Amino acid sequence: MEVLETKELCKNFGSLEAVHRVGFKLEKGELRSIIGPNGAGKTTFFNVLTGMLAPSSGDILFKGESIAGLPPHQVAKKGIGRSFQITSIFPQLTVYENILIPSMLYYSKNGAVNRTWEILEDVDLKDKANVIAANLSHGDQRHLDIGIALTTKPELLLLDEPTSGMPPEESIRTVKLIQRLKSERGYTIILIEHKMDIVLSVSDRITVLSLGEKIAEGTPSEIQASDEVQKAYLGGLDKEYKMGNNRQKKLAGNGQEILKLEKVNSFYGESHVLRDVSMKVGEGEIVALLGRNGAGKTTTLRTILGLTPARSGSIHFGKDRIEGLPPETVANKGISLVPAGRRIFANLDLMENLELPFFMKGIDSKQKRSQIEQIFNYFPGLVERKAHKGNRLSGGEQQMLAIGRALMGNVKFMMLDEPSQGLAPMIVKHLAEIVQEINKEGVTILLVEQNALMALELADRVYVMDKGEIVYEGRPEDLWANRKLSQALLGV
Amino acid sequence: MSAPRVWFETIKTNAYFQLTILSIIVLLWPYIIPFIGGYDGLAIEMVIFAIFAMGFNILLGYTGILSFGHAAFFGLAGYSMGLILIHLKIPILLGMLFGIALATVTAILIGFLIIRKTGIYFAMLTIAFGQMFFFIASRWKDFTGGEDGLTGIPRNVIGIPGLFSISIFESRRFYYFIAVVFIIAAIVKYKLIHSHFGQVLKTIRENETRAQMVGYNVQRYKLLSFIISSIYAAVAGTLYGLFLNYMFPQTLDWIRSGDVVIMTLVGGMGTFFGPIIGAGVIVALRVLISIYAKIKGMVYWQFFMGIIFLAFVLFFPKGIWGFFQKRE
Amino acid sequence: MKKKLIKKVSRRDFLKVVGATGAAMTLEQFLKAPYVGAAGKPPILLGNIEPLSGPYADSGRDEFQGAKLANDEYNQKGGVLGREIKMISEDAPSNPGIGVQKAKKLVERDKVDFLTGTLTSSVTIAVADYAWSQRKLFVAFGSHSDDTTMSKSHRTTFRTTIQNWALSTACASWIAKNWNVRKVYNITADYTWGHTARESMNRVIVKKFGGVELGNDFTPLGTTDFSAQLLKARGLKPDCLIVNCYGADQINCVKQFKEFGLEKEMKLAGPLSGTPMMKGIGTAAAGAWGLSWHGTIDTPGSKKLYAALMKAYQTYKEWRPSYRHYLGYISHTQLFEAIKRAKTTDIIPVVQTLEDYRFDGLKWNRSYWRAFDHQNVQDVLVGLAKRDENWKSEDDYFQILGHMKGDDAFPNYEEWKTNGGRELEPYDMLKKA
Amino acid sequence: MEGICSFDDGTGPFFSWRSVMHLNLTFPVIITQLVNGFALGMLFTLMAVGLTIILGLMRVINFAHGVLYALGAYTLITLQKIFGFWPILAIAPACVGILGLAIEASMIRPLYKRDPLYTLLLTFGLALVIEDVIRLIWGDVPYPMAAPQVLSGVVNIGVAYFSKYRIFVILFTTVVLFGVWLLLEKTQLGKTILAGTFDREMVVILGIKIDLLFTLVFGIGAGLAAVAGVLASPIRGIFPPMGIDIIMPSFVVVIIGGMGSFWGAVIGGLLVGIVKSFTVEIYSPMADVIVYFLLAIVLLIRPRGISGIEGLLE
């Protein structure tokens, strides 16, 4: 019988349907992977399963019994253990306590102790039992996270990107751990993972989510073959699309570099995200930065802007070095960011959102007006939305607004993070054209995308990241021509 | 620094050793305190507030919840004990029990109402509810004695009728009564924070979501911790009432709640001995400052207290004990 | 200089205390062995508790000064029973808890023989209770509240201050006789003091002189805007508006009384006022008020005290002694006299010789502490508050209208009993439990 | 230090039905009390608005808000002889505002990295210190403060007499609050503050110096507190713990109104003020307690306050 079954499971945040009518069946002992581009609703799906979020509608059956809407601690007691995408442990306690204390809820005193050593054995942290968790290496912390999940006598184990932020060699160790948990300990496992090689190697079956809907399910081989999946990753443009046909010839001759990264390393806490990243962007170029999520693309943008300061390496913008400068200073040098998820100020209306960047920049009203008009030329659709509060705009409108907002002030260099995310293909096309127009106006563009095709269509040059490193640099058509390479790098 | 370090390490090693040392110090205290310009009354106050702070630390230090209203339970227990002792002449211990019980019930009710709020919001709510009791105490003249306070709380003999009875009227004797309560309270707390329960509180402090995700009913544990700390406050409150033979509204004031926060933080949050030291230091300071640190014949202990507190908040948030403790 | 030194010590000290090692410093303080008399005989230790900070700091200071003057005079004469008088002063703002803590400190740490002072009745009552529990004689010369010598009386408490009952009675009788006030409107601070004041006022005006209370308003403490009440009063046209408020409330009420031009329409009176209020009321001063003592009393004793106080404490041109000085002075001198008579500082003889002993209270008739409630019975003054542009000194705040003999003003035993007077504890209980 | 500064030479208010029996709610009285309540409420609002903006943008609960209010009042008594009453209404907020800037920049800023509880503890410590500094400089004895001549006395508007000064307070605070509202709703600064309340990092990404914004907002809050202090002193008197007296009701107003909400603060303020002053007339001993019962009721009905921002501090 099924260990887990979801029926028509939905979760909405306001108008956004993060999880939409997902039906999902899981056999005992199975290892199922869930993949899908950013914003596909994978983590939300986990949160709903574990009771951290109540489902908007639909039902969850665990071993035939409905657990929809139960509080997390009861779900856990029923036997669903979970690890987290962002490491979630008890930092100031020792590794031993981290495991022991939760176990005590499920085992007698001695039982708990034995169990703890068992688990420490499994996640091989036995020799680090007395270390304060906060002082563990990132990899070990990820393992500890899984270890904690094991304390709850789980029959079903939900692992959310167990290898995120890990260097390759450590990921291998983690993969071994997962396989061991499945084969030797007989756990039923659902795995969210972006590293395709891992997914393909460990999974029995794979479920693909996109925009909150289940678009495909099957064995690894089936999934690789499936068009649906290609679409999901390619953003709904057909494969015969010809590269760069509508890219106008550029005087990329002068080769003036506007941005230059050299051997940049940056971290989230312990997790080493960017590894010796070096890249160049020439004035007037459109450069695409591609890679699966978790590859470190967004972090690169944050590092450039100084939101996640680089620990080593240098970043030049035009003449001056900008690493280590406070973000607002960097921004005022003319770098702007269109963040993933747009981050429109919901409590301000469209105009207010647009005008915000002018604050204390000493820009005369004439220039302001012209810039705003410019935006409305790009996006005529926004005009009659002027007075709408941010949260009442559609996804597309929000994206347009976000781009417009990023162009206010004297911007030389615009970075877009996943502009196509969660948008219908038509809108994506339109955005693509506008981005080109903006570029024509002389704004250099760094485009971060999973939606490979849109990027490949626009870009003059392409960088591909994987596991925090730049693994490819070249012209888009070359990358595209080399199907094997693009397959490997982009899962396309 | 190394000397205290070593001394600290040895203390750290053995639980019974720690508690014995503590008990011995407490028992000898009245004989030591004159050397720091103190007297029995001061010793008593130190120990009472040590009990208060010790319990408060369970909430602030171990569960990571800041309450600014615990004086309410302190005062409430003191008043209700006083009232019942005055009106129906029951044995003191019974009266104490009554006071503590009443305060506990109140804590449960308030807890239910606000425990789901977190952080600053929770702190503000505790203040608000604390003030409610403060004003009731200071306005309900006929019942509580209003601004005059509640006079004539008896403190003659404790004991169980027919079994035993000891006079605690005389300060020194009363001190030892309190000392015993303190030692019991200390042992209980020690057991508590080293029990499963105490461990869980720590996990909640460290990472609430995760604690929930491994199956702990976080809200219930938080509520329990709130209640237990209130019980400690209540015990201290009843003792305080007996100590002064008197209760007055200002004992419920949020400033008094602030005092216990200061004691806990200055001593060292989340450490066993920290709050005890903190309470001692602050109580002593208040008296010593009011004796020695007069400016134009006036006392500005609030000023000194505030400065010290600011210093700790800004520079050593780990408090006195944490200062000795080796940082991992 | 000395203060400087103390400060230095203390600063170093509590730095150490912060370092959690207090012993060293206070050891040195301790070894100073503070209070040992110069020549052989140990001094007589008085613990004086006054609000030296907080809203009543002024009055507290006056009482302290008065008491100190008495001590100095006796010390110059070689002390009492050849023992030096030492007074240890503690600051207790109007928080009774702190009051008790300070009393404990004085008794337990400094081992004082007597407690004196306290201003607000909340502190007074709290300290009185403690003093009784320790069987220490406590001369209270601050509180006006009736409770102190009625429901909360103790064998160990002697109260010098005139209680509200007497103040109100004196004032009410005077206005009834001389202004023949019959119709009154009360504005009463909504707490015990106010309530008792109003009752006493009515007892005289309504019961004794067959007058009528047209209306009354209970105003909460700290009321600052009396427009509503004053307007109600104006409507009812009483002969006299009676203000049973003290402190800032009184200041505001009287000021607004003047503002609204009510003085043309009715008289103003109140049971109790004093220099602090008059300072606040300024030129708006008006009405007849009960007083305890005044610098212009023309008895030789008062004149002498007046001169002495001026000599000792005058700080600015208009400065004049207040009745708080008088209270502090008279209380201490009489305590010393009692010790002399008893030839000991033991409590029982001192208590016994204080009771019903008639002494010169520097007023017209002799004063005495009654045996049954330890209230100091004395002449009660009624003064007219007048402060116009051409005032010379603080003496001009009031002009004495007359005075009432103590025995007429204070409640007699029956009245005392029926109004909740509590019989004092028997003498043998004075032997420490 | 006490929660209330009472001038009692006797004992605290009386819990009995006596005062109720003397209940005398004639129409003029109702009107007068309404005006008084309104004036009081406006003062609370003035405090609460400052608190709530700071809370919304910076997640800081400012215990020191009360002493800043007190400092406003003390500026009045210090400078009145020189400038007279009116200019102080501008000078006091300026001075205290600057002090506010200094406090934020020097002490609070270093703590943003830490748990918000620390800022709360810090401001608590500050409140203690500053109050004693006030005692040190100006002494303990309360100053009775007269309203300026023009505004002293009462005015008869047909139905009843009104105290001129209270009406002035209502009008003036209305103007000030309108100003604040304009600042928030109609200026770039205000927009930026709102934006910051919603998504701090994004504001930074747009190249705006948020630190500066924080300091500014804290200064503005301090200024508002000072204005309240000046306005209050003729009504409530001037004494060192006056700040402690007002901070609690102001907190309650913030909670009742809802964390971080301007209109919430306004509504909550008026509600508390009016309820309080009517309780005084009907049954004065309850006057202070009622506020907290009100709070409890509101929380039971609307846990987030009248119009609290969702997710803020929850």
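Note that the chains take the letters A, B, C and D in the order they are written out, and that residue 1 is the start of every chain.
The rule is simple: contacts are C-beta pairs under 8 Å (C-beta built on N, C-alpha and C of every residue); 3 or more make two chains touch, one makes a residue touch a chain.
Since we're looking at a predicted model, the values are computed, not measured.
Engineer: Could you name all chains that are in contact with subunit A and with subunit C at the same time?
Structural biologist: Expected: B, D.
Engineer: Starting from the Cα centroid of subunit C, hunt down the chain whose centroid lies farthest away.
Structural biologist: With centres defined by C-alpha atoms, farthest from subunit C sits A.
Engineer: Would you say B-D or B-C is joined by more C-beta pairs in contact?
Structural biologist: B-D
Engineer: Which whole number of Å gives the spacing of the CA centres of subunit C and subunit D?
Structural biologist: 36
Engineer: Taking the mean of the C-alpha atoms as each chain's centre, how many Å separate subunit B from subunit D?
Structural biologist: One centre to the other, that is 32 Å.
Engineer: Please tell me the distance, in whole Å, between the geometric centres of subunit A and subunit B computed from their C-alpha atoms.
Structural biologist: The mean C-alpha positions of subunit A and subunit B differ by 48 Å.
Engineer: If you look at subunit D, which of its residues touch at least two other chains?
Structural biologist: Touching at least two other chains: 1-2, 4, 6, 8, 11-14, 135, 140, 285.
Engineer: Give the residues of subunit A that touch two or more other chains, as numbers and ranges in rising order.
Structural biologist: In subunit A, no residue touches two or more other chains.
Engineer: Give the residues of subunit B touching no fewer than two other chains, as numbers and ranges.
Structural biologist: Subunit B, residues with two or more chain partners: 141, 146-148, 250, 295, 298.
Engineer: For this structure, enumerate the chain pairs that meet the touch criterion.
Structural biologist: Applying the touch criterion to every chain pair yields A-B, A-D, B-C, B-D, C-D.
Engineer: Applying the document's contact rule, which stretches of subunit D touch subunit A when the two form their complex?
Structural biologist: 188-189, 191-192, 194-195, 197-199, 201-210, 212
Engineer: Touching residues of subunit A toward subunit D in the complex: what are they?
Structural biologist: Spelled out, the residues of subunit A in touch with subunit D are 305, 307, 327-329, 331-332, 336-337, 339, 343, 345-348, 352, 355-361, 405, 408-409.
Engineer: State the interface residues of subunit A toward subunit B in the complex, per the touch definition above.
Structural biologist: Subunit A reaches subunit B through residues 50, 52, 71-74, 76-77, 81-82, 84, 88-93, 97, 100-102, 104-106, 132, 135, 148-149, 151-152.
Engineer: Per the contact definition, I'd like the list of subunit D residues that touch subunit B in the complex.
Structural biologist: My answer: residues 1-4, 6, 8, 11-16, 55, 59, 61, 107, 110-111, 114-118, 120-122, 124-129, 131-133, 135-136, 140, 244, 248, 251-252, 254-255, 259, 285-286, 288-289, 292-293, 295-296, 299-300, 303, 313-314.
Engineer: Where on subunit D does subunit C make contact in their complex?
Structural biologist: Listed in rising order, the residues of subunit D that touch subunit C are 1-2, 4-14, 18-19, 22, 24, 26, 28-29, 32-33, 36, 135, 139-142, 144, 146, 152-154, 160-163, 166, 234-237, 239, 280-281, 284-285, 287.
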